[in-house]
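Per-chain numbering from 1; labels A, B, C, D, E and F assigned in written order.
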Amino acid sequence: MMMVKAIIRPERLEFVKQALEKAGINGMTIREVQGRGDQKGITLTYRGGKMNVDFIPKTMLDVIVADEMAEKTAEIIMNAARTGKVGDGRIFVLPVIKSFRIRTGEEIH
Amino acid sequence: MMMVKAIIRPERLEFVKQALEKAGINGMTIREVQGRGDQKGITLTYRGGKMNVDFIPKTMLDVIVADEMAEKTAEIIMNAARTGKVGDGRIFVLPVIKSFRIRTGEEIH
Amino acid sequence: MMMVKAIIRPERLEFVKQALEKAGINGMTIREVQGRGDQKGITLTYRGGKMNVDFIPKTMLDVIVADEMAEKTAEIIMNAARTGKVGDGRIFVLPVIKSFRIRTGEEIH
Amino acid sequence: MALDSGTTAWLLISTALVMLMTPAVGFFYGGLVRRKNFISMVALSFIVFALVSIQWVILGYSLAFGGDIGGLIGNLQHFGLEGLDPGQGDTAYPPLLFVAFQLVFATVTMAIVTSGFAERVRLSAFVIFVLLWTTLVYDPLAHWAWGGGWTMGLGSLDFAGGTVVHISSGFAALAVALVIGKRAGFGQYTMEPHNIPMTLLGAALLWFGWFGFNAGSALAANGLAANAFLVTNTSAAAGALAWLFASWIRGKPSSLGMVSGAIAGLVAITPAAGFVTVPASIAIGIAAGLLCYACMLWRINKGLDESLDAWSIHGMGGLWGAIATGIFAAAAVNGFSGLIEGNVQQFVANAIGALAALAYAFIVTYILALAIDRVIGLRVSEEEEYVGLDLSQHGERV
Amino acid sequence: MALDSGTTAWLLISTALVMLMTPAVGFFYGGLVRRKNFISMVALSFIVFALVSIQWVILGYSLAFGGDIGGLIGNLQHFGLEGLDPGQGDTAYPPLLFVAFQLVFATVTMAIVTSGFAERVRLSAFVIFVLLWTTLVYDPLAHWAWGGGWTMGLGSLDFAGGTVVHISSGFAALAVALVIGKRAGFGQYTMEPHNIPMTLLGAALLWFGWFGFNAGSALAANGLAANAFLVTNTSAAAGALAWLFASWIRGKPSSLGMVSGAIAGLVAITPAAGFVTVPASIAIGIAAGLLCYACMLWRINKGLDESLDAWSIHGMGGLWGAIATGIFAAAAVNGFSGLIEGNVQQFVANAIGALAALAYAFIVTYILALAIDRVIGLRVSEEEEYVGLDLSQHGERV
Amino acid sequence: MALDSGTTAWLLISTALVMLMTPAVGFFYGGLVRRKNFISMVALSFIVFALVSIQWVILGYSLAFGGDIGGLIGNLQHFGLEGLDPGQGDTAYPPLLFVAFQLVFATVTMAIVTSGFAERVRLSAFVIFVLLWTTLVYDPLAHWAWGGGWTMGLGSLDFAGGTVVHISSGFAALAVALVIGKRAGFGQYTMEPHNIPMTLLGAALLWFGWFGFNAGSALAANGLAANAFLVTNTSAAAGALAWLFASWIRGKPSSLGMVSGAIAGLVAITPAAGFVTVPASIAIGIAAGLLCYACMLWRINKGLDESLDAWSIHGMGGLWGAIATGIFAAAAVNGFSGLIEGNVQQFVANAIGALAALAYAFIVTYILALAIDRVIGLRVSEEEEYVGLDLSQHGERV
C-alpha cells in the first residue's frame, strides 16, 4: 500500500474531500500543519520584539491507498487543491509495508 | 527500523501507552489529528450556514521500533486501542531508512 | 527522495530553520507534537483527580530532500537542535517514492 | 417610604452584577468539561437565563412573592406582573426592580444545577426540566424563605440565599446526577478540564458578581451592605487559601482548587453576610474551603459523577453557611445573635430551615428528573455523547 | 435642579457598563471570524473606542448637543468641552457625566459598523472612515433625536438609541459591505466561526452592559429605570428563545442563534424600554428574534456578505423596535401612548424618525465609503486578505 | 456627616470594579507569556488577591490608616478591624466600605508586581514575598500618601494612587526582575505572546475597572467623580492612539501596543484625575503613550527582562503622572493649581512625593527579594522553568 501525503491550502480541503469521495476514496486522516516554501512570510512586531513568520498554515492529508491507486489519488488531490498560486503545496508518496484495521485486528491488503 | 503509525481514539491513548510500556516500549510521539472513515459525521449549523463535519478527532501515534518488533508493536496497540465499534482506527507500518538521536548525534540501529 | 522527519525542542526551531536556510534548504513542514522518551514527566492534580503527564511538547519537522542530501540534512538539523540534555529528540529518514508540486502538477525529482 | 435614588442605584447595578453570574457559571463549568462539550455547557447557562427570565415575569415572581397560601407558596395575584406599578411602591426602591433583582437569583440557581447534567443531557429534556424545576422547586423555596412562607415565620436567617440558592441547587444537582447516571468512561480515564483559564475567568466574574448578590441583598446602600461586601470578600479569600494549602499538602496547589475554595467561601458566607463580623467570616471561609474540599474528595472516592461539584461546593457549602449563620450571627452587625452569643434558638431555626430546603430540593428534583427520564429520556444516545454535545445538540464546535 | 448623588451614581456606573459594550462587540465579532482575523476584529473595536473618545470630547459632543442649527446639527459652542463646568449644572447629574454617557453610545455605534468591514479592511482607511463617519453620520443623528434636532421636535420616541445607534449602524454596515465587496471565497466554502465561546462571552458582556444602555437612559435611578431594566431583560430572553426555537425547527438549535436572538431582542427594546410594559416586551422580543433570523437567512440567500449581521440584527431589529415603540407605548409607563392605545400620530412620528435615520445613514455611509475607497482604497490586497488581517495589518497572530 | 446612599452606592460598585482589576491584570499578563505559564500567571493574581485580602483586614488597613506614628506608618488600633463600626461613621459612606475600597487598591498593586516574576517564580517563595511586600512596602506608602503620613503633610497630590499604586509596583517589579534574573533563553529566541486576545480582554476589563479606581477615588458621586471619569477615559484613549501611531511608524500597529498605550494613559491620569481638565488629559495621555513606549524599547534594548513591562508602563507612567499632576492641576477643577497656573510649590511637592515612593519601593523590594532568594530561593529549577510553571507549580495545563 502507499501513503499519499498531501500538504494543501486549508480552504481547499472541502474540494479535495469531495473529489476523493467521487473517486470512491473515503478514508483519510488530516491535521493542521505549518509550511514554509517559496510563499513569503511576514514580520511580526510585539510590544517591542520583532519576529519573522514564514510558516503559513496548511492542512496535511494522509490517504492510504493500494499501490496502483497512488498516482491516481495524487492527481485527484492536485486537481482539487490547485489555485495556481505559490503556496499550493506538495504531495509525497511513501511506501507502507503493512496496514491493519484496529477494530477487527485484521491486516488490510 | 520501522515506523508504526497508529490512528486511535483519543480516550484509548492512556491504555495504549501503558500496554506499550509493559512491553518495554517507552519512546513515542503523538499528536491530535482528525479522521474520516466509515464513522459518520454530523451537520453543523451556524447562525445561517450549514456544514457537514465528517472528520472525527483521533490521536496519531508514531513509534519507531526495530524491524522485528513492528508486528508485535502493532498487535499491542491494537489490543489496547480496540473498542470493537466503528472508528477504532488503523495502523500503518512504514520503513525507516535511518534513525538518529539528536542529543548524541549517533545513529540508532 | 527522502523525508527527513525530525522531532526537536520547540525553542530550537528558529535555529534549525536558519541552519537549513544557510545550506540552501528552504522548504519544510512543521507541526506541534508531544513526545515521550527518557525525559520524565510530571503529575497533574485537578480539583480532585490526578493524572501523569509524560508527554512533552515537541516540534516535528518534515523536510523532503534528494536522496544524497538526506544524511547531510539530518546532520545540520542535529547540530542546530542539540542542547545536550535529555529530550533533544530524534531524526528518522523515510523513503519517498514520488513527489509532486500541486501548483504545477509536475513531479519533482 | 419614599423612593431613595441611592438605594435604587445600588439595586440596579446589583441586579446587573448578579445577572452576569449566570453566564459566569457557564464559563466556569465550560472550562471544566472536555472540549467537545464546551459550547454546550455555556449554552445551558444562557438557555437557563432566557427560560427562567420569562417564567419569572409570567409566573415565578407571583408564586414566590404573591400572597401566601398556607406558608407554602404564593398565589397568582402577580401573574404576568399584574398589579405591580412601574413607578414607586412602598419601598425605597421601585417594585419592578425587586422583581428583576429576584429574577437573577432564580436564574443563577438553575444554572448551578447544570453541573449534574454536564456532558450528557438531551437539550429538549433539559428545557422541560428547567421550566418545571424553577416552578416546582425554586419558587416554593423562595417563598418559604423570603416571600412570607413557613421558614421565614420560623425565624430562620438567610441573608442572600444560602438555602434557597445554594443548598437547593447543590442537592438538586446531586439528585440529577443520580438519575442521569455517570458519563461514559467516568472512572476509567481522566476527563481533563480542557480550558482552565476559562474556569478562572468564570470564577473572577462570579466573585465580582457576588458583591451584588450579597451586598445587594441588604436592599439598601448602607453600612449593612458594606458589611456584607467586606465579609463576602474575606470569606472568599479565606476559602481560596484554605483549599489551596490543603491541596498543596496532598500534592500541587492547583489553580482550580484555589477558585473552588473561593466559591466555597462565597457560598458559605451568603446566608451569613448580613449577620456576621469580618473576623467570623475568616473562620467561615476557612471551614468552607476545607469542608467542600473533603466532600469533593469523598464524592470522587465514591465514584459519584456529580460532575462539576455543585453538590460538594454549593450544597455542602450552603449547608455549612446556614449553620454557621446560626453560630456566628452577632447582634452588633444586624441585631441577631447566634449560638456564640448564646442564642440556641437561632441555631435550631437555621438548621431546620436548611434541612427542610435540602430535603425538599433533593426529593422533588429526584422525582422530577426520574419522571422526565421515563417519559422522554434525559440523556443523549451513546453515540451523541461520544461526539459531544456541541456537535450533537447544537451543531457547533470549538 | 440640585445634583442627586443616587442619580449620579447610577449614571456613572451606567457609563462604565456601556463602555464595556465596545470591546464586547469586538469579542462577539472576533469569535465569528476566522482565526486569522481574530485580533483584527477585537482591535477594530478598541481603535474605534479610542478614536471616537477623542473626537467626541473635542468635536462630537458639541455637534450633537451644542446649540441647534436648523434642526440638523449642533454648533461649536462646546468645542473641546468649552463651557461645561466640571461641577454641577442644571440637571440632577454633572454635565461632564452626560458627556461621558453619550460618548460611550457614540463608540459602540461605530463598533457595530465594523461588521461590514470584517476580515478585509485596510487599517489606515478604517481610521479615516471612523473619524468621518462619527462626525458626519453619528453626530447629526444624535442631534436630531436627542440634541434638539428635527426628529426630536417631531415627537418621535427613541428611549435609548434605536434609531441613532442601531438603525444607523446596521444600515451603515450594509452600505459598507456593498462598497467593499465580498470576502474572497465567500459563498464558495464555509467560513466557520473559529471561537464560538468568545462570541458567547461577548454576548454575555453585551447583555450585561445593555442594562446601563437602556436603564441608564432614564437618566435617573427611579421606577422608569427599573421598568427599562426589566423590559430589556425580558425582551432579550424572548428574542433568544424565539431564534433558538425557530432555528431548532430548521435543524439544530445553535448557541450562536440563541445569542443572536438575544441581541435582536435587546436592539428592538432599546427605543421602547422607557415606554412599554413587561408583557409588551415579550412580544417585542419574540418578533425581533423571528424577524432578524428571517432577515439573516434572506441576506445569506442573496449572497450578501454583510459579514457579521449588523444589518439584519441591529438595522432591522432597530427598525422593528422604533415601530414597536410607536405601537406598544403605554401611558401607564411614561405618559406616552402608542397605536394600541389609539395614538396613530405617535406611530407615524416614530416611523418617520426611523426611516429618516435609515436613509440618512445608508446614503451618507455609502458615499463616504465609496469616496475613501476611490481615494486610498478601503480593502487590503488579495495576499494580505489571504494571510489574514492579524498578520498583515497588526503583525500579530493568535 | 450623614451617610449618603448615593455616595455609598457609588463606592460599593467602585470597589467591585476595582476588585475586577486584579484578575484582569492576571489575564492581561497571562496572554503575554508562553502557553506553559498561562495558568500560573492568572493564578498569581488570584493568590495575590486572596492573600492581600486577608492581610488587609487583619493588619494592613491599620498600618495604612491607623493613628500616625511619626509620619511613617499607622499604629495597630484597627488590628483585625477593631474599632470600626459596621454601621455609620463620620463620613458620607460606611467606614467598612472605605476598608474594602482601599483593600482592592492594595491587591491590584501587588498583582502588577508579578510582571517581574513572570514564568520563573517559585510559588512558595512568592507567597512569602506577597505577605512581606504588602506589609513593608505598600502599607507604609499608603500611609504616607493617604493615611496622614509625611507626603500627605507635604501637600503632594495623588488623586487615585499614581505613587502608591503605580510607581511603587512598577519599580518593585524592576527590583524583582534584577534579583530573580532573566528567563532562560531570554534574548536568544523570541518569546511570543501566546494568547493576545486574552491580553485584550484583560485590557478591556482594566479600562472598565479603572473608572471605579479613579472616579471612585472622589469618594462621592458628584461633579468631581464625573471629571475623574471623563479625563480617565480621555487619557486612556490618547495613550492608546499615541503608542499605536508611534509603533506604526516603526513597523506595524500592533494591538498589544495599542492596549499598552491605553494602560499607560490610565496610569498617568491616575494621580491627576481629580485635578486636571479634559484637554489636559489628552496631553497627559499622549505623553504617557510615547514615554512608556520609549521606556519599553530602551528596556528591551538593554536586555533587561522585566518581563511584562510593569516598570516601563506603571513605574514610568506613574512617575510622569505624578509630575504631570504638578504641572497641569487646574484650580477650576478642584481648587489646586499646578505649574502652568504658576504654582511651583505644587510641582516640587509632587516630584518629592513621587521620588520618595520610587526610592522606597525600589530599595526595600530589592532587599526583600534578595533576602527571600538567599533564604529559600525565589526561582524554580531550570527543569521546572523548562516544562513551565503551570505543570511544575500547579500540576495543571492549558
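As a working rule, a contact is a pair of C-beta atoms (placed from the backbone, for glycine too) under 8 Å apart; a residue touches a chain by one contact, two chains touch by 3 or more.
Values in this document were obtained by computation on a predicted structure and should not be read as measured data.
Q: Looking at A-E and A-B, which pair shares more C-beta contacts?
A: Result: the pair with more contacts is A-B.
Q: Over half of the residue-numbered contact pairs in common: that is the test. Which of B-D, A-E or B-E passes it against A-F?
A: Comparing residue numbers across B-D, A-E or B-E, the repeat of A-F turns out to be B-E.
Q: Quick check: how many Å separate the C-alpha centres of chain D and chain F?
A: 34
Q: Please compute the C-alpha centroid of chain A, do the same for chain C, then give the distance between them in whole Å.
A: Computed value for the inter-centroid distance: 17 Å.
Q: Centre to centre, by mean C-alpha position, how many angstrom separate chain B and chain F?
A: A distance of 50 Å separates the two centres.
Q: Quick check on chain A: which residues sit in contact with 2+ other chains?
A: Expected reply: 31, 43-46, 94-95.
Q: Among the residues of chain F, which ones contact at least 2 other chains?
A: In chain F, 4-7, 9-10, 13, 190, 201, 251-252, 254, 256, 395-397 touch at least two other chains.
Q: In the complex of these two chains, what residues of chain A are touching chain F?
A: Against chain F, the touching part of chain A is residues 43-51.
Q: Report the residues of chain F in contact with chain A in the complex, numbered from low to high.
A: By the definition above, chain F touches chain A via 32, 190-193, 247, 250-252, 254, 256-257, 260, 296-297, 299-300, 309.
Q: Please output the residues of chain E touching chain A within their complex, sorted ascending.
A: 36, 185, 189-190, 387, 391-392, 395-397
Q: What part of chain A is in contact with chain B in the complex they form?
A: So the residues of chain A in touch with chain B come to 1, 3, 17, 26-31, 64, 94-103, 105, 108.
Q: Write out the stretch or stretches of chain F touching chain E in their complex.
A: For this pair, the touching residues of chain F are 4-7, 9-10, 13, 17, 195-197, 200-201, 203-204, 207-208, 211-212, 215, 220-227, 229-230, 233-234, 236-238, 240-241, 244, 251-256, 258-259, 262, 277-279, 282, 332-333.
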